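These notes are about the structure you will find just below.
In order of appearance the chains are A, B and C, and numbering begins at 1 in each one.
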Amino acid sequence: MSAAATDRVLFVRGLRTNTDARRLFACLVGGLVLALMTGPSGSASAPTSGFTGSILNPRVFGFLGFGAAIWLLMTVRHRFGDRIRAASDRVQAGPRRLFPDRRVRYGIYVVVLAIAIVYPMHLSSFWQEVLVDQVGVYVLLAVGLNVVVGYAGLLDLGYIAFYAIGAYSAAYWTGALPIHPFVHLNPFWAIPFAILAATLAGVILGAPTLRLRGDYLAIVTLGFGEIIQIVATNLTGVTGGAQGVIGIPHFSIHLFGIRYAWGINNLPYYYLLLGFVVLVLVLFRSLESSRVGRFWTAIREDEVAAEASGINVLKYKVMAFAIGASTSGFAGMLTASKIAFVEPGDFTVQLSILILVLVIFGGMGSLPGAVVGAAVLQWAPWYLREHPVLGFQQQDIYIYLGALLVVMMIFRPEGMIPSRRRKREIGLAEHGVGHADALSGTGSGPVA
Amino acid sequence: MSTSVLPEPSAALATGDAIVEVVDVSLSFGGVTGLAGVDLGQRRGEILAVIGPNGAGKTSLFNCLTGVYTPQSGSIVFRGANGHETQVIGRKPHVVNHLGIARTFQTSRLFNALTAFENVKIGVESRQHTGPVGAMLRLPRTRREERDSDARSTELLDFVGLRARANELASALPYGDRRRLEIARALGTAPELLLLDEPAAGTNPSEKVELAALIRRVNADMGVSVLLIEHDMRLVMSLAHRIVVLNFGRVIAAGTPEEIQRNPAVIEAYLGTTEGEREASGGSEGPGAGAGTDPGAGGEER
Amino acid sequence: MCFTQNFSNAIVLGLADGFIYALIALGYTLVYGVLQLINFAHSEVFMSGGFAGYFVLNAIIGTGQPHGVASFGLVVLGILGGAAGGGVIAFLLERVAYRPLRRRNAPKLAFLISAIGASYFLYNLAGKEFGRDSVSIPSPFTNGTVFTVFGAQVQTYYLVIAVAALVMLALLDRLVAVTRLGKGIRAVAQDAETASLMGVNIDRIISQTFVIGGLLGGAAGFLFGLSSGVVYTMGFTPALKAFTAAVLGGIGNIRGAVLGGLLLGIAENLSVTCIGFQWRDVMAFGILVVVLLVRPTGILGERLGRSA
C-alpha cells in the first residue's frame, strides 16, 4: 500500500478506538441535553411534555448534528493538536509580543474607557437600565468575589450577603428602616458606611470560619448566605420583614456649590458606577502585584509553607474576605438607592452562585477576566431575549449557567481570560505538582 | 521521665549560650508515640545534627519546634539574640517564624508557579509591613519596601548560588537547586535558627558537597545556628559541631561526632554490631538513608 | 422551660425528621469516605428521589384511596421508585461532573465548582421540565394516629419513615461489613492508592458508592415528599441540614451520620417551641458552625475505614 493509503487506513482504524467512540457518545448526549435545555417546558401534570417536545421531534437532529460537529472538532484537535497549536501560537505571537508593552496596554485601556463613556449615551433607556442593573452592578460583584476566590482561593458561596448588607445599610442610614440612626444621611454620604459595614461583615464572618478547609468553608458560607436571608425576612422590627422597605432616597450632592441629584435616569448611575469600577480596578491591580497579592498566591499554592515562611495565613484570608466584601457594599448601596427599595427576596443563594459563575467563566484571579466574564454573561441573556435563538427562555438561564460551570471545569478551568499564574498552577497541579488551591494538602479533617 | 544524656547541653545552658532548649517533650498522635521525653539543647552559633533510624521522631521534633504539632507535655524555649526567652509550644507556625526560627521541609515545599526570585521575596517580605491600603495606593513607604525586598532577594539568591536562575519557575528547577532555593527563602525570613529537614536527601555527591559548603557559609558568614536532620553520615560527621541521636522518640546519645561514632548505643540502634560500627564511622550512606519517613510522615500535614 | 412543653411530641417528630436527615447524611458521609470531598450536588439526588417517587405513585394511585395491604405495597413501590431516581442521578453525577475531573487530576476546588454547577443545572432543569410549583404525592396510606406514647401521637407517617429507615440502615450495615463491595469501600476510604495496588477497581467502587448514597438519599426524598410535597427547590435546605448532621456525627463515619441525623432532628424540634418555627433553619446552621469550630471531627470523629 502507498504511504497515503496506509495513513488513511490508520486514521480510520484509529477512529474506532475506545476514546474516540466514548467522546462521540458524550458529544451526542451533550447535543441531546442541549436540545432538552432549549426545548419547551413541562409541568408536574405533564412531566414528559418537555422531553417529548424537545427530543421526540425533528429538531433533535439539528442538535445531534451539532454534537457530532463538536466531536469532529475535538477529535481533529486531539489528533493534529500539536500542529494546530504551533500554528495558532505563531498567529498569536505577533500581537502577544506587543501587549506587554506598557504604552500599548495603556492605549488600549484609554480606548476602552472612552468607548465605555461615550457608547451608553446612544443606547435606549431599556439597554441603559440593563447596563447599570445587570451588567455594571454584577461586574462590581464579580470583581469583589474574584479577590476571594481568585486571589485567595477561597470558596464563598454566601457572597450575596455582603451585597444585602450594603443595601440594608443604605436603607438604615437614610432612615428607611424601622430602626433609625442618630443622624439621617444622604445616601451619597452613606456610601462609605455601607462599604464599611460590608467590610466589617467580611471580617466577622471570616475570622471564625476561615480556619476551615475549603469545602467546609463553602458549605458554611452557603449556610450563612441562607441565614442572612432568613434573618432579613423574619426580623421585621429591624429590617422591615418580608415585604422589605421602600422610600430610600436617590443620591444627591450639595457641596461647595455643586448641586446634583440622581433621579430615575439611568445614565448618572452608570457614570457613578463606572467611576467606582475604574477606581476599584486600579486599586486591585496594584494590590494584585503587591506583597499582599504575593502572600495570597503563596497561601493558595501551599498554606503550610506559607505559614512556615512567616505569613499569618488566617489574617490574609480574612483580609481577602473583607476586601472582596467591600465592593458589594457599594453595589448594594447603589442598587438600593436607585431602585428605592430593598427586600429579602433579592438576596438568594442562587445569586451568590451566579456571581461565582461569572468569576469562573471569566477567569479566577484575573481582573480583566472578572470584568469581561460578568459583562458577557450578564448581557447575553438579555440580548437573547430580544433576539431569541433556538427557543432560549430567560427563566431557564440558570440551567445554562450550571452546565457552563461543569463544562468550564472539565475543559477550561482557568477561565476564558486566565491569569497567567493561575493557568500555570492548574497545569502544574494536574501533573501532580502542588495543589493550586487552598483546599488540599492538609489532612482529612475540616480544619485546615 | 527524661532521658537526658551527656552534660554538654546543660553546660551550654548554664553559660546562657543556648539558643533553644527542649525539655522533656512528649508527643503522641493516633495512638502512636512520636516523642517520649526528649531533652535537647542547642548552642548559639553551632551546627547541631539530629540523626536516628527511620521513625525515630526527627521530623516530629521539627514540627514541635516550629509550632506545627503541639506536644502533650514539655517545654521548648527559644532564646533570641535580644535576650528574650519565649515558649514555643502553643504558638502558631508564623509566630514561631517571626521569633527567629525558619525551616525547610523534607520534600521541598516551594511555591511552584512562582519564580525563584518571587519565592525568596515572599520570605523577605514576611518581615515587612505593607498592608492592603499601602499596597493599593502604592505609598512611598510601600515602594521603598519593595525596592529593599528586591535587593535583599537578589543578595540571597546570590548567596545560595541561584542568581542565574532567578526568573525561572520554581517547578522548573533541578532538584538540587530546589533545595537551595528553599534555604534561600528560609533565610529571607532573617532567622537566628535554621531547621533543615534532610537537605541532602536525593541529591548526588557533587550537589552534597555544594550543599555542605552552603550550610557552613550560612553558619559562619551569616551567623545562623543550624539544626539539621540528616541520614548521610559522612555529611553529618563533616558538618556538625555536635550530634544528637534519637531512637523510638527518645534521645539515646548526644555529643561530638567522634563521641557518637564510638557510642555503642548508637551503633546498636542503627544496625547491630560489626556492620554498624563500619557504617557509623563514616560509610557512604546510613542504613536509614534515602527517603526516611517518620510516623508523622508527609507528616507536616497531620 | 419552653422545650418541655410538647416534649414527647418534639421527640417523636424529631426522630422522624432525624431518620430522613440520617438517610441523606449517609450519602454525604459515604462519598466523603472515598473521595475526601463533600458531594455538593447530593441535594439534587434527594430532589430526584422525591420526583421519582411522585411519578410512580401518581401513575399507580392517581386519585385512589388505598388502604391495608395495598398501602404497604405502594409504600414499598414509592420507596423503590425514589431510591431508583436518586441512584440514577447519583450515577450520572459521578460520571459527568466528577470522573472527568479525576481523570485530569484536577485541583479539588474544581470538583467543588463542578458539583455546584451540576446542582444548579439539575434543579433548574427539574423546574423547567416538571413545573415550578409544589405538588403533593398521592398518599399510599391513610394517615392516622397508630398509637400514643407519653402523650405524643405517633402517626402512620412517622412509623413508615422509621421502619423504612431502619430497614435501609440494616441493609447498609450488612453491605459495608460483609460484602465485597463493602470491603472495597472501606479499603478505598482508608487508602485508595494501596487499594488499587491490591486490585480494587477504584472507579467502580467510587461509582457504586455514589449510587448507594443516591439510593438512600432518593428514598429519603420520597419519604420527605410524602408529607411536604415535592418541588424543584426541595433539596437545598434538607441537604444542608443533613450535611450538618454528617459533620455532627463525624464525617466519614456511618454510625455518626445516623447519630447526627437523629440528634439534629430532635434538637431542631425541641428548639422550635422555644425560638419559633421561622428560626428553625437558623438553629441547624448554628449547630453546624458551632460543631465545626469547637469539635470539627464530630461526635464519633473517625473515618470509615479505621477502627481505632
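The working rule: contacts are C-beta pairs under 8 Å (C-beta built on N, C-alpha and C of every residue); 3 or more make two chains touch, one makes a residue touch a chain.
Computed from a prediction, not measured in an experiment: that's the story for all the values here.
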item	value
Taking each chain's C-alpha mean as its centre, the one farthest from chain C	B
A-C compared against A-B, more contacting pairs	A-C
Centrality ranking, top chain (CA atoms only)	A
Distance from the mean Cα position of chain C to that of chain B, given in whole angstrom	48
Whole-Å gap between the CA centroids of chain A and chain C	30
Mean-CA-position distance for chain B and chain A (Å)	43
Per-residue multi-chain contacts in chain A, two or more chains	425, 436
Parts of chain A lying in touch with chain C, wherever the complex brings them together	36-37, 41-45, 47, 50-51, 153, 155, 157, 208-209, 211-212, 214-216, 218-220, 222-224, 226-227, 230-231, 233-234, 349-350, 353, 356-357, 360, 395-396, 398-399, 401-406, 408-410, 413, 425-426, 429-432, 435-440, 444-447
Complex interface listing, chain A residues touching chain B	283-284, 286-287, 290-295, 297-298, 301-302, 304-313, 319, 323, 421, 424-425, 428, 433-434, 436, 441-443
Residues of chain C touching chain A in the complex	36-38, 40, 54-55, 96-97, 100-101, 104-114, 116-122, 124-125, 128-131, 133, 135, 236-237, 240, 243, 247, 251-252, 278-279, 281-282, 285, 288-289, 292-293, 296-297, 303
Complex interface listing, chain B residues touching chain A	66, 68, 92-95, 97-98, 102-103, 105, 109-114, 118, 121-123, 125-128, 130-132, 134-138, 142, 145-146, 149, 169, 171, 185-186, 188-189, 300-302
